[in-house]
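Two complexes follow with chain A in common, the first pairing it with chain B and the second with chain C.
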Partner chain A sequence: MSDPTPTTQRSGVSVRFRAVTKEYGAQRALNGLDLDIQPGEFVALLGPSGCGKTTALRSLAGLETVTSGELLIDGEDVTRVPVNRRDLGMVFQSYSLFPNLNVIENVEFGLRTRKVPAAERTARAQEMLDRVGLGDFAERFAHQLSGGQQQRVALARALVTRPRVLLLDEPLSALDAKVRTQLRDEIRRIQLDLGITTVFVTHDQEEALAVADRIAVMNSGKIDQIGTPEELYRRPETGFVANFIGQSTLLTALVHEGRIALLGREIDLTDPLPEGALARVRVRPENLALESFEHGEGEPGAVVTTSFLGSLRRTTVHLDSGLSIVVQHSAEDTPEVESRVRVRLLQDVVTAHVD
Partner chain B sequence: MTPSGSARTRRLPRNSGGAGGLGSAQRLIPGLGLVPFALYVLIFLLIPTVLALTTGFFNRSGAFTWDNVAALVDPTVLSTFGNSLWISLLTAALGALIGAVICYALLSFSPTSRLRASVEAISSVLAQFGGVMLAFAFIATIGVQGLLTVLLKDVFGFALYPGEIWLYQMPGLILPYLYFQIPLMVLTFMPALSGLKPAWTEANATLGGTSWTFWRRVGIPVLAPAFAGGFLLLFANSFSAYATAAALISQGSQIVPLQIRTALISETVLGRENLAGALALGMIVIMIVLMLGYSALQARTARWQK
Partner chain C sequence: MSAVKTLGSARKVRASHSLAPRRPFAVIVLVVFGLLFALPLIAMVEFSLRTTTGHGLEHWTGLFDPANEFRYRPLFGGLVESLTLALIAIAIVILVLLPTTLLVRLRFPKLVRVLEFITVIPIAIPAIALVVGLAPVFGASIRILGSGTLVLGLIYGVLVLPFAARALDASIRAVDVPTLVEAARSLGASWPRIFLRILLPVLRRGIVAAAFISIAVVLGEYTIASLLNRQNLQVAIVGISRSDPYVAVIFSLLALAFVTALLAVIGRIATPKRKVFDV
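For the complex of A and B:
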């Protein structure tokens, strides 16, 4: 692992979206998007396809012209600044290396457009290639590299100019699982080394949870909720966020004396709800336990499927009440399909919403 | 590895070898389907080429002679080659440039758009629309009594032919040739141009490059082999074109294919027999030189091409 070097270190700058709207004909891709990103922060824009996350990133890059609103980088309004003068680094989903240039020429590209002298150019490109672990690949061409290597070169090319902000447009989506995790962690390491403000677009919640300082969950061209991975996971503010981040089952129960009955237990609420209201609660697999039908507690049901996930196991139980629920438990327990079991809630307090 | 595992690995080459043996026999049977085509090429392309080439070195009585080949430097023959070269280079260059511009314009439409599909369909028809039909189309439109010629004269008082009737002379070949050259370029160049990834232009822009930076450093180098290939195809197409010129050119044999006809039907051109073979040899030499140039370019780009 390389240490941060003063030559490339640069304190990050702030990024701000102010009521940004982008329309494609009658369709609204961004719907008054507001987002403040702190200097040096790594923010993931997360959401399903069509939620506007890529449009938001491309608007910040200048690859899309926004319909209204303002984009500020380091306090400067860049809304009308052309893409090649915004001083940003970008990595694309599709490997976008120039095929006719070798690895080092690709990395030097942005330095050439900035008229950096040849000797300094090569030195900086080589240093950045070393940083992404491809120091020995300078003479190769794109078609001689694997997908993961190509994205590393693309990352080096985007960073070598010491841009104000790093934009990552689903850079890991085309890679296979193992390379994806590796490169994901490496991107985070380099980002922390350089202290560069980074915006990362992804549809993969696991990716976002793993690397981001904060995650902005987008839905219909706006941010539904923004917060740290822990906040989003533990206290989702909307059903959309709860549904999108992690796996969960929606349960409903009537509020009685400030409590609700869930899976055969009386549970407290974090926030009070009116008496008689129908509370909706999202329960995650890890907050449930599988118990023996004869001796255990909880609501009875029958095992539908069970899948082995290494250190743990996830089992879907069809409760007698008619609901199917996913339970996470130790891989040591191997419930048989169709066997009778009980599902118990491990939490004493839950966050409920009334829709 | 377990003993059974290593046994399995050892067996593999023999199995695949057996499958390979079977495969070559299996491949041979469908390969037989190529025989009629191979025979056709042999009888009507290879043998005539060899005959054409060798006859150039023999006189009528079958004795070896340099006379025919020496006639290639005859001023008349040289000027014919000169004519063929300039008309082919000019129409190939214009065809390639205009065709490439059309492709670039089409690029802004989606591949499934009606306009792009129509232009591509029309191009594939027009690229093959040469010969007497094309000559007639031009004669009927801009010939001396052509529809457009008469219309321009009667309505606008504009004389298409104030002096010489250029349509029936060498310059008259340019327009009809372009008529099939441009569509041929559109057909051959469009796939290459469509292969330019939008992410390349976007990467260029985010790296601070202008549109010119992109074309100079990426677009043109990436497209150069396809453009040169298209140009070469257009050159060969025009260099060997015969029927259009035969139907249009009224007097003399200004281009090599016409000269070959003259040499074939009149045995006394320049007092030499078998000149046609020598002329064909000259054409082949020119094509070989161009192909060598093309493969040199290919070799330069091969290092970054898959």
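For the complex of A and C:
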């Protein structure tokens, strides 16, 4: 069978949320959301449940009508365009394959609604199934597939129509850990292949860090911070973001001559703070080191727990100053619980906030 | 084959550990109640076979004797009337109840309880009370719609609501209808397309079950038809029983057999084959 129009690699389009607000009665799910997504970009909407990330995605899909604001796709205002005419591909959290249709019929569904001729339809569906690694499963029905396979078919079904934007609503959260990382990487590979603009909703920060070009951390209906995974991890702008991404311990110290004292050391600040201000610093486990009590430097404390994580180990130390702090170190060091140790900061410069 | 064996052993295990009655007791209960139900039926069959000289098939064959056509005409008329009424009731179930149930599920989930309550009302109100309320409406409606059959059909459409709604609801609950609809919408499908290509096939079992149970209810309905002076099957059977009790019994038996067969088919449809083997 020959495909009259071989899959052209359509470069992505831009997506724009402009002051989008969504109210459910008195409750505001989206509170003036602004977000610009570049063509071909993979953006993750990350946040705790109830932060509005799913509402944002569903609004873009047209499954929710927004209360006010504008949604632009490729510069075109789609705020009032119904779902079925927005030309988007969507993968849902719950399994959504049509149970009355087999795998290839499911994938062909969107092509049928677009009146694509039968031969081309089948060829394109088969090609997309091959792409997600399920070429041999065309005749199966949903109940004969595993969860991961069902989501792969759902992905193929969403992509086969060459939609303008791919929307992923926590597509991995029903899967077990191994399948989850596998499919996650595969989604990223296919997305880069097709160059399709993608919005990915997740509550799992590791997932977002692993695949996204940029992550938008959402908090009560708004974006707290948007940036590359590195930016968010290294330079969180708010306590919420710092707390949500990665593990960290909050330390406070008074600013004195542009420096602060942390864990027994004088440290420089990236951004100057006024003299005498109370600086708040989030310290990540990997920026700390465990030292021997007798010979090492740093603040003394006692080991509370220690957990083996394969290539490394994380130990919680209760400092004598009363604070508990998590330290990451080599798996070869095995501190005993209740033994005396010291914790040292490895950074020479830190970013501090005042609030 | 192996599935049957597994089923058998599973039942044995359950019987020895569960609160269910022990086997001999269960068998006795079954036999006693079975006889209770079977006796009238056997008696009816026996009665329908009685002749002046002994037993024979003459009453059964007499049904199709052209000579008796005039006498039995009301019966066949009643049968046609009842089947027409059943069709109207089914049309109401599919064209009104099904879309309403889906609409409530998809758009107004808060009203699910309200709809459930409304659909139960016809079973909560005794038929006789229903007729008292319906009689004046019936007269006025016939003047407007011009057909008694049509109006009675509408009434039956209401009467089958409790049963049909339950059947539909069960099949809607069995799948994630909202997500399927959203998926279809996001793939560019229009509402008619979603209804025809996704919802009807997915809910097929529930729709067929609702239709069959509607037929069963309508074929057995006597009170309302009789009080409103309509000649349906049951009314005709009662009417003819005065002049020809044999034929009345034969028709009752046939109607019963037909409804039993329908219910058996519903049972078949309602239990997916896969599930049986999964036990």
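Quick notes on this structure:
In this section, the second predicted complex is superposed on the first by the 348 of 355 C-alpha atoms of A that agree within 3 Å, B and C clash if a C-alpha of one lies under 4 Å from a C-alpha of the other, contacts with A are read in each partner's own complex, and residues count from 1 in each chain.
The criterion applied here is as follows: contacts are C-beta pairs under 8 Å (C-beta built on N, C-alpha and C of every residue); 3 or more make two chains touch, one makes a residue touch a chain.
Here the structure is a predicted model, which is why all the values come from computation and not from measurement.
Aligning the shared chain A places chain B and chain C in steric conflict.
Within the superposed three-chain model, A:P272 lies out of touch with both chain B and chain C [touch as defined at top]. Taking chain B and chain C in turn and counting the residues of chain A each one touches, the greater count comes from B.
Of the two partner chains placed around the shared chain by superposition, chain B and chain C are both touched by A:F109. Within the superposed three-chain model, A:S94 lies in touch with chain B and with chain C [touch as defined at top]. Legend: residue contacts after superposition of the two complexes on their common chain; A:G264 is shown touching neither chain B nor chain C.
Residue contacts after overlaying the shared chain place A:N84 against chain B and chain C alike.
Looking at the shared chain after the overlay, A:H143 reaches both chain B and chain C.
Once the two complexes are overlaid on the shared chain, A:P48 sits clear of chain B and of chain C alike.
By the touch criterion defined above, A:R157 reaches both chain B and chain C.
Comparing which residues of chain A touch chain B with which touch chain C, the overlap comprises 61-63, 83-90, 92, 94-96, 98-100, 109-110, 113-114, 143, 154, 157-158, 161, 167. On the chain A side of its complex with chain C, the touching residues are 61-63, 83-90, 92, 94-96, 98-100, 109-110, 113-114, 143, 154, 157-158, 161, 167.
Taken in their complex, chain C has these residues touching chain A: 175-176, 179-180, 182-190, 193, 197-198, 201-202, 204, 274. Chain B meets chain A in the complex at residues 197, 199-200, 202-210, 213, 217-218, 221-222, 301, 303-306. Interface residues of chain A, counted against chain B in their complex, comprise 61-63, 82-90, 92, 94-102, 109-110, 112-114, 141-143, 154, 157-158, 161, 167.
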